[in-house]
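Structures are listed in the sections that come next.
Each of the two complexes below includes chain A, the first together with chain B, the second together with chain C.
Showing the complex of A and B:
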């Protein structure tokens, strides 16, 4: 275990002797989110029952739509890919003790810069186009969140508020560009940029419908996990998150590390934007702001900001998002039902934060 | 009268009208946020509260035929959601900001869920108060048709100023916000004081939602609040946790929001979409100019956001 970021609410375990292996607190870290999700499912089930739907049937339908067949599981994975990346936009700064929620904005900006780069080199070989798009997306998104970091470290501007405001600015930028300078005149109903040529798009993996974005997401999550848990840089980040004054006393360049993390966080979300353009939409338009950024915040908190857990939670939430359609068709439940469920999960997860160290079973025996 | 014949004055009047009409939800949510933050807690969930307020006001106004009952329902719905926020943030180790986002997601989910059937029908609106009778210009008359909730908000702003400055309860709220430990030593319960501050603040936020759906823009849609509840947090910082300054700040923000549409109304549509971002950019600029890493801001509650 590591000194947990204060915002995650995880208990400080520094006082427990290392020798005891601490399996109970490890179990606690895994069991609490699972229990919280179970409680949220019970609450959501009661909600469905109060709306005259059989909760078991609703859960069955969600399960079937998300994981029931190879086809539906592919749909789930396609949705999980951007979630893994946008979740990192919240998860990485969280380890520093910052609450950054500019995921949606960084995704949109990354999508825009990726589109611009892709269009600029569209006649180049496909690998060049995709590399240019990925790099541009990461740099665009990265700088966007770095700006949040600069405001925080130089001016003391609250990072949550500024990152959130920048989401709206990013969406305004998107609307301005696809209605003006970048607009393809042939896109009438839904103003869009010129399209990336079909043969330059991010392809599907083998015979499946799943595009390579999923690989990007998993690889980036793995990198984030190694970086945060197994490098000295990650240790410094966690130290700053644990006790910023101690970190300053130890001579850590707090602001520099913070800005690097902000850049990486934004770059991950920017890459998600690139994937959405290069693998799904083929062009930049308002579909970019489809809420993957906001859902990523939830993923990060449920996964307690850990890289490996983010992959798992993204697949779960991807499945829930994929089941929105079937709830509407089969049960006449509006799209927002999924949002209610997400809200309930978030609330119970936070509630469980306050129970860490309170439940007797998870208490380590004093050694 | 067309806007051409008054030319650029159309823009000025448009922005002025926007300041009052568009500023009212800002005013109510920022007053709510101000009350909550004075007690030492942050409520980012006011965005969800605003949506809940807008939906319940519209739905109840449609069902009962009375916009006033609708506004009451909005305050009630806001208060209930605030109660949920309070139950979360008053527990140990729960981060205010994260709880706010959770309430935002949950509140908007509930609002969209129950609001779905009310997107089509039109509900009775709150009556406007005509203050522009002296003018023959249609635009001025329209601009000075004022929401009763604006009048209410102005009254609350001055009342809240008086409340903080002179009443015993106001002092309790401030004491809890500055130092919960000292307040506890004085025999004030921080938990109870904060609970009431959060619930009352959210009820005010709910009324802001009622203005959105029952006065201006005057319909229930899912994109009706567009981040106004979130900006309340920034507005309160800008207003230095001072209720009367919340009033001026809200007018400024309402005006900024109206720049784009007013310019478009006189035929200038260049950068229309960029102007949409002006309230957000204005908020950022204000925060950049006023924040500092060196000192805490004057008026900031001492224990703001800290977990007690």
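Showing the complex of A and C:
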């Protein structure tokens, strides 16, 4: 259990009461990721230079394409929305000391159950349809990851392996359903379910290109943050993550809490699947498995599994991804270039984790 | 307030038309691919088409690769229109059409959206949307003839993504071509379930070769690993999408290739002449095969003998003069059921071919997933 807990961020820090955090350690928490991003930018800049492109021009273009105007910031936010929800699927169990990476599977199952529910009540008013889809998506995704929890608590099956493998099962299940029982016979060359009626879809916010999925993501991240940091339930979860034996000694129902967290985690990813169906695709098909689940794992680890940080990191990753196009169109760099940048950012941030508490400047003087 | 807004809009209008004046003498085209440009497959074929129009001095073309079938492609289309001033968009992946192209096309009625795959429905889809596709089964049929001549074991292998009409049509054309040269030949099919799963494709190739298959071909997004596996195991292979002879210099027989640069040049010329989809001067559905130059066959590999070449060239000549029909009776499916009685034939334009759900006699495999 212990190795998992140490991978999942630094639970010991979370247990320290807030008042004892001094400015130096607060500064450390902010400065480390910023320095890591700077290091990544230097590395990526030299990569661009090696390809014969001016690094400053490249960064200018990335900034312009990701954050430079309301038009481009919308693109960033659209990309960030699903990541906020899928990241929680890893982040919540991580606080317990579980490394769950079944985000993609939970998203797919949530999308499927949401589609089924939406089609079942498609003639009802739009709010009823969307509520039914959201509930079905959350229950579907939730039960999917609860299954991972049951395997772990009842049978001792490693949760990382089982959740990873269940992703493939979920995608195969999706393909089976849209090729068979759920198939709309008119979807010849791209097998899909029947469509949700257009007027029952989740709309865009006002005049923008952003759909309401972004609001869902932010609200759920806030709820997760309150739940984990400011409730006794969250404290219990962190206690289990900090020391599972001590938690058992204290009489905490470890397995029950674990299963609840697994359900919530899967529900968040399932909701992401529902939004993909209700706001973007309008039907279930292979496009549901677009990698948002896997990107969510990255977001969760970089955000150190904290609800508020997940929002910020999702926006950062959304911005990086949204600027991928301009590097191809303006600089004729290959399509994988943006992945190089993304990889460098994440590696340096994760590496910076190992430096916490090791730099003298950030050491609090002994009280 | 109203008047205020109007002034701003006019100002924007002036700026925009000033900006477009400089670009007006060039036809501006945008190409979007779902995978990398160098996949020796579907995306490379389109990228080669883009490179073809880029050679024209009056065309400006931008391209973006590895764009997933999510909101990401909507963003790319909007960016190409707003930032690069693109007038004609070619989002090439099949899954881009519904809902992504349909949604953006409604928002930008002046931009032309041309989609590869052929889904346009008159009356239902926006007027500025059109689709194009090629009868690549003609080139696959020719590959089949060459494969039928090359095989010694009489066992051919076909690695396919999904049992959907477009794919089944190619499998059947390959089998019919092969059996026209070697009536006892069989085609063993493996469906991998997805468009790009290189590990499964390599496993399927290995497994087919171990069963005695000595000519492979495929219909997946990137034939790369299949070509490489075949070459390493010393068997023959027919390419698909793009010319793969570089990856299998010894075993490459021939292959079915797209010739998108011809199609894209045609479109560019129509746009240059002021034609548009909405006005009805560019047709909404464009189709063509070997005769129209939409598809072509790779040059023969070093091992293709003169008998094979003679039969293949004869078939090509019949396609060129329009007398060749691939699907004609008597035709049975692989469970013995009659598909077409003697004397009946399905010409390329026949709409029932686009909902094909059967495998012809001689194909070993099932469309059930």
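Assume the second predicted complex is superposed on the first by the 348 of 367 C-alpha atoms of A that agree within 3 Å, B and C clash if a C-alpha of one lies under 4 Å from a C-alpha of the other, contacts with A are read in each partner's own complex, and residues count from 1 in each chain.
In the analysis below, a contact is a pair of C-beta atoms (placed from the backbone, for glycine too) under 8 Å apart; a residue touches a chain by one contact, two chains touch by 3 or more.
None of the values given here were measured: they were computed from a predicted structure.
On the superposed chain A, the two partners chain B and chain C do not both fit; they clash. Of the two partner chains, chain B and chain C are each touched by A:336. Applying the stated contact rule after C-alpha superposition, one finds that A:297 touches chain B and leaves chain C untouched. Look at A:353: by the touch rule set out above, it reaches chain B but stays clear of chain C.
In the superposition on chain A, A:176 makes contact with both chain B and chain C.
In the superposed model, A:154 lies in contact with chain B only, and not with chain C.
In the superposition on chain A, A:165 makes contact with chain B only, not with chain C.
For chain A, the partner touching the most residues, choosing from chain B and chain C, is B.
Contact with chain C, but none with chain B, is seen for A:71 once the two complexes are overlaid on the shared chain. After superposition on chain A, the chain C segment that clashes with chain B is 204-212; the remaining candidates among 114-122, 204-212 or 312-320 show no clashing C-alpha atoms. The contact surfaces that chain B and chain C form on chain A in the two complexes overlap at residues 172, 175-176, 179-180, 334-336. Residues 36-37, 62-72, 74-76, 78-80, 82-84, 94-95, 98-99, 117, 119, 162, 164-166, 193-194, 354-355, 369 of chain C are the ones touching chain A in the complex. Here chain A touches chain B in the complex through residues 7, 9, 99, 101, 151, 153-158, 160-162, 164-169, 172-173, 175-176, 179-180, 294, 297-298, 301, 334-344, 346-347, 349-351, 353-354, 356, going by the rule given at the top.
Here chain A touches chain C in the complex through residues 65, 71, 75, 78-79, 172, 175-176, 179-180, 188-191, 209, 276, 280-282, 285-287, 290-292, 321-322, 324-326, 328-329, 334-336, going by the rule given at the top. Chain B contributes residues 44, 84, 88, 91-95, 97-99, 101-103, 105-113, 116, 226-227, 230-231, 233-234, 237, 271-274, 276-277, 280-281, 283-284, 287-288, 291-294 to its touches with chain A in the complex.
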